[in-house]
Amino acid sequence: MSKRQLKTALRQEGVVPIRMTRRAKRDMFAFLGFTFPNFFLLGVFVFWPILYSLYLSFFKWNMIAPKKTFIGLDNFQTMFNDPVFWLVTKNTLILAFFTVVVKMAIALGLALALNKNVKGRSVYRAIIFSPTFTTSVAVAMVWGWIFNPNFGLLRVFMRPFGIPPLDWLESVTHSLPAVIIVLIWSGIGYDMVLFLAGLKNISLEIYDAALVDGVSPWQNFWYITFPLLSPTTFFLTITGFIGALKAFDIVAIMTDGGPLNTSNVIVHFLYQNAFQWFKTGYASALALILFVIIMAITLVQNRLSRRWVHY
Amino acid sequence: MKRRSLVLILLLAVILLANGSLWAAAQAEVKPTGPVKIVYWRSLTGVAGESQDEVVKRFNESRSDIIVESQFQGAYAEILQKLQAALAAGDVPDLVLLDSPHLQIFAKDGVLVNLDDFVKKEKAGFLNDYIPGLLADGYYDDSLFALPVLRSTPLLYVNGDMLAAAGLPRRAPKTWDEFREFSKQLTKYNAAGEAEQLGAGFTTTVTSGHWYFQGAVYAYGGLVSDEDFNIYLSSPEALAVATLWQDMVFKDKTAIPSNSHDDFLNKKVGMVFGSTGSMGNLLSRADFEVIPAFMPGQKQNLVPVGGSVLAMPSTDKNRQWAAWEFMKYMTGTDAQAYLAEMTGYMPNSTSARNHPDLAAYYNANPVRKVALDQLAYVRPQASVISLPKGTEILRQMLEKLLIANMDPKQVMAETTADLQKEYNENFK
Amino acid sequence: MRRAAIKHRPLKWYAGRTFIHAILMLATIIIGLPFLWMLTTAIKSPAEVAMFPPIWWPETVRWDNFVKAWNTAPFGRFYINSIVTSVSGVFLEVAIAALSAYAFARIRFKYRDFFFLVMLAAMMIPGQIALIPNYVILAKLKWINTYQGIVIPHVSSVFGAFLLRQYFLSVPSSLYDAAEIDGLGHLKTMFYVALPLARPVLGTLVLYLFISKWNSYLWPLIVTTKQHMRTLPVGLAMVRSAEYSIGPEHLMAASIFVLVPVLVVYFIAQKQLIEGIAAGAVKG
């Protein structure tokens, strides 16, 4: 039976109406109308920019000049030959890795502690979570002052250990760690709250069963809690990693990527190229690379998740 | 009722989305029917910023047909970026205060108003009052694009009390060799090996780090780059400066990179570099004797003249006229005398220099006169400063020398290559 | 069993509790100290700021630091700009999110799933890739230095639409059927059935969006070149570049101006925000 014959037969049976009913039509218009504002804006400000970035990445253009010069793949070639690009990429990955891992480890510890129905639980939670919603520019300001080598708060805590005063933000070895510390400080609360929610979802009966079997607290954690938390852990790893790849505010204000680009990260480097040095084509190429990296990480993490996430 | 208001709000939101003009009405500045309103972008902060606002205020009070709005846009490097962004957006200020080397970038792209026609309409000899060496920076391709306004030279500021306490005379070092010696005398470490007080702070900011470096190279008889973009960073003179600064930080341990005058004001370092324009701020904020002095010499006393010029990106004929009126006022005798007195910047014209107020002021405050005296020993800045990434590359050079402690020869070669590449990409 | 254990608290239990409290206290201090340090610096004199070891509380509290900080830049104008852009941005984004969410939850359409995937794909695209193209678009529209320029590019909604859709789906379909029988159209059904039931999550979404819009820095930084259009975070960053005339005490005072509204909103609604975020993210 051909497709047409099949359709006719089905229509005769009253199974598939081939013409849209009035209602279906009305629904279609309603659907398109309801979603139009969102898809219009997504189209203009989210999807179109990918194509336009791709287009711009083949040109040399300073944003002011009326004409753009076509230079083929030169921007990408420049990028791959640019040691600063590789340094910045490396910094970004280091930053993302340490931020996510340390932040999650501490947050999990705190969540486990808070989950014990301690007194003052909501106060602890509210304070630890507060940096999540604190304006990053102000956070960078206060931390910049904490890191001040002469009068900063950090020096107070370093001194008893005999650590000499150090200008973290002007040091090639310490500026990136300084940024990481601030990002961890700001992000612990969010991770902790999500871990807490994850812990709530684990049914108590499982622990009770384990209690009967005489399992140690450590085994309890390692064989029950941690695997059952894996959806949360997975979610936080992905969102945290991608969030860290997009770090900008803290870097821009605390270190400006310096000294010598040792704390520079991709988005800040992109900003510098686009809006400080007006290398629009090169910056567009960087934007594409960022896009590719984020896509790749999402896909890899998706694949990995199948192996170790227990839903 | 609550639901209805929610409906209304959502509807309103959708209308707003569709029609940006509603918002435009909310945020539009009231368009005056009478006076012409122009926007002036200024840089500089503290006393130097406030006194510019004061000049604007005086101008607005004196005119009923023009209103100038002064807007702070950040340090010079930021103004450069903001102006580029504004040009890209097609929404420019009428007047802008530019770091003098940046004039080239914009004049080259044809986005500044050529001032020759305005000058022609003034009486003959209008330009003769301006000090020629300063006026020269306003020209591009033999046309005038800007007038000199807040011109400055780099100075060395020393803490007189700290010198005296270290058994040194209350005066600034005269040569770079002496500078190094003074630095050693001023430095104090405590028992724990922490520096309590250091000789000098070297600025490594993107805005002015390169300027002091240029000054030192000039003093050694060298150049950073010439008008044709030949770069001389690997010359013995430039290398000598690079090595000296690095040795002071890492061998002598008597100096540090220091990006804010707070280190000086807090008595952590005894000597810092600064613009003549910082004089007002430093003298008013310090609780010790601040001695402003020439940059150290070596083979010669010679410094790169910096500071700003006033240029006109305005696109509207009527506002251009108003902008020119304000330009004349701000670069005119009274305003210049006032600005020089308040900030320590140099007066830009013979008449301002001879202004009775200013002469009286210098007599009463001889310490301030150093700015004027140094004017005899100036030459323009290096051409590479006008490259979009030029100052950033030179900042990196200073960071490589003073923070990363890299071999000066290699640093200078790398910096030369980077600047050359930037020049090839942007000017060829 | 756990309940029974509470009655006999062995010494070990108390030791464990103490340990837990010690850890939580330490974390609280580490998180809270920067805020305290900000406040005490803001009320010190310049001499007290430049003291090491630092003092925790100044001899005389210098409230006038706030006045000086307020006057270093037009903070009043920054406040207005931040309020206008955040509030209008939240309204628009919530409206857009609600409309899409309703469409995806309740309106039948052949290609609905395809559209849904397209929308989710947008979530994967980092906003930073769009900086330059969006700047160019805004320049063409003459929207640089305008409120719509700050707001409109960031009111499309994926997360919000997704979140609301989940809630709309969880509404028992009998309610929707009743609405249909009453002859309510989609718009009315959304307003009278779906949205009122989603009120708790709507509230959380509004707060969350408000705070994140209030805090945003990179985009307003790029699209405002004029001082009178700057939002608070951008204005604050500009104040800092005035490094030669403003001391740390004024910088901290200015930072407090920016923080106060978010912290107030946060501490009033912290329970709702925290629980809303936990629920939204776990379900999402």
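For reference, chains read A, B and C in written order, and residue numbers begin at 1 within each chain.
Criterion: a contact is a pair of C-beta atoms (placed from the backbone, for glycine too) under 8 Å apart; a residue touches a chain by one contact, two chains touch by 3 or more.
Note that the structure is a prediction, hence the values are computed from the model and not measured.
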- Most widely separated chain from subunit C, with each centre as the mean of CA atoms: B
- Query: A-C versus A-B: which has more C-beta pairs touching?
  - Reply: A-C
- Could you put a whole-Å number on the gap between the CA centroids of subunit B and subunit C? 38
- Using mean CA coordinates as chain centres, what's the subunit A-subunit B distance in Å? 39
- Query: When the C-alpha atoms of subunit A and subunit C are each averaged to a single point, how far apart are the two points in Å?
  - Reply: 16
- Item | Per-residue overlap in subunit B, given as positions that touch at least 2 other chains | 14, 17, 85, 88, 259, 266
- Task: Send over the residues of subunit C in touch with two or more other chains.
- Result: 50, 95-96, 135-136, 152, 155, 222, 248
- Which subunit A residues touch at least two other chains? 37, 63, 150-151, 275
- For subunit C, which residues count as touching subunit B in their complex? 50, 73, 84, 88, 91-92, 95-96, 98, 135-136, 138-139, 142-148, 152, 155, 191-192, 195-196, 222, 225-229, 238, 241-248
- Query: Hey, which residues of subunit A end up touching subunit B in the complex?
  - Reply: 37, 60, 62-65, 150-151, 162, 164-165, 167, 170-172, 258-261, 275-279
- Provide the residue numbers of subunit B that touch subunit A in the complex, in ascending order. 14, 17, 77, 81, 84-85, 87-88, 109, 111, 192-195, 204, 256-257, 259, 263, 266, 268, 388-389, 392, 395-396, 399-400, 403-404, 425-426
- Which residues, counting only subunit C, touch subunit A once they are in their complex? 1-2, 17, 20-21, 23-24, 27-28, 30-35, 37-38, 41, 49-54, 95-97, 99-100, 102-104, 107-110, 112, 115, 118-119, 122, 124-137, 152-158, 161, 185-186, 211, 214-215, 217-218, 222, 232-234, 236-237, 240, 248, 251-252, 255-256, 258-259, 262-263, 265-267, 270-271, 273-274, 277-279, 281-282
- Note on the structure: subunit B contacts subunit C in the complex at 3, 6-7, 9-10, 12-14, 16-17, 20, 23-24, 26-27, 29, 39, 45-47, 49, 71-75, 78, 82, 85-86, 88-91, 259-262, 265-266, 278, 281, 285
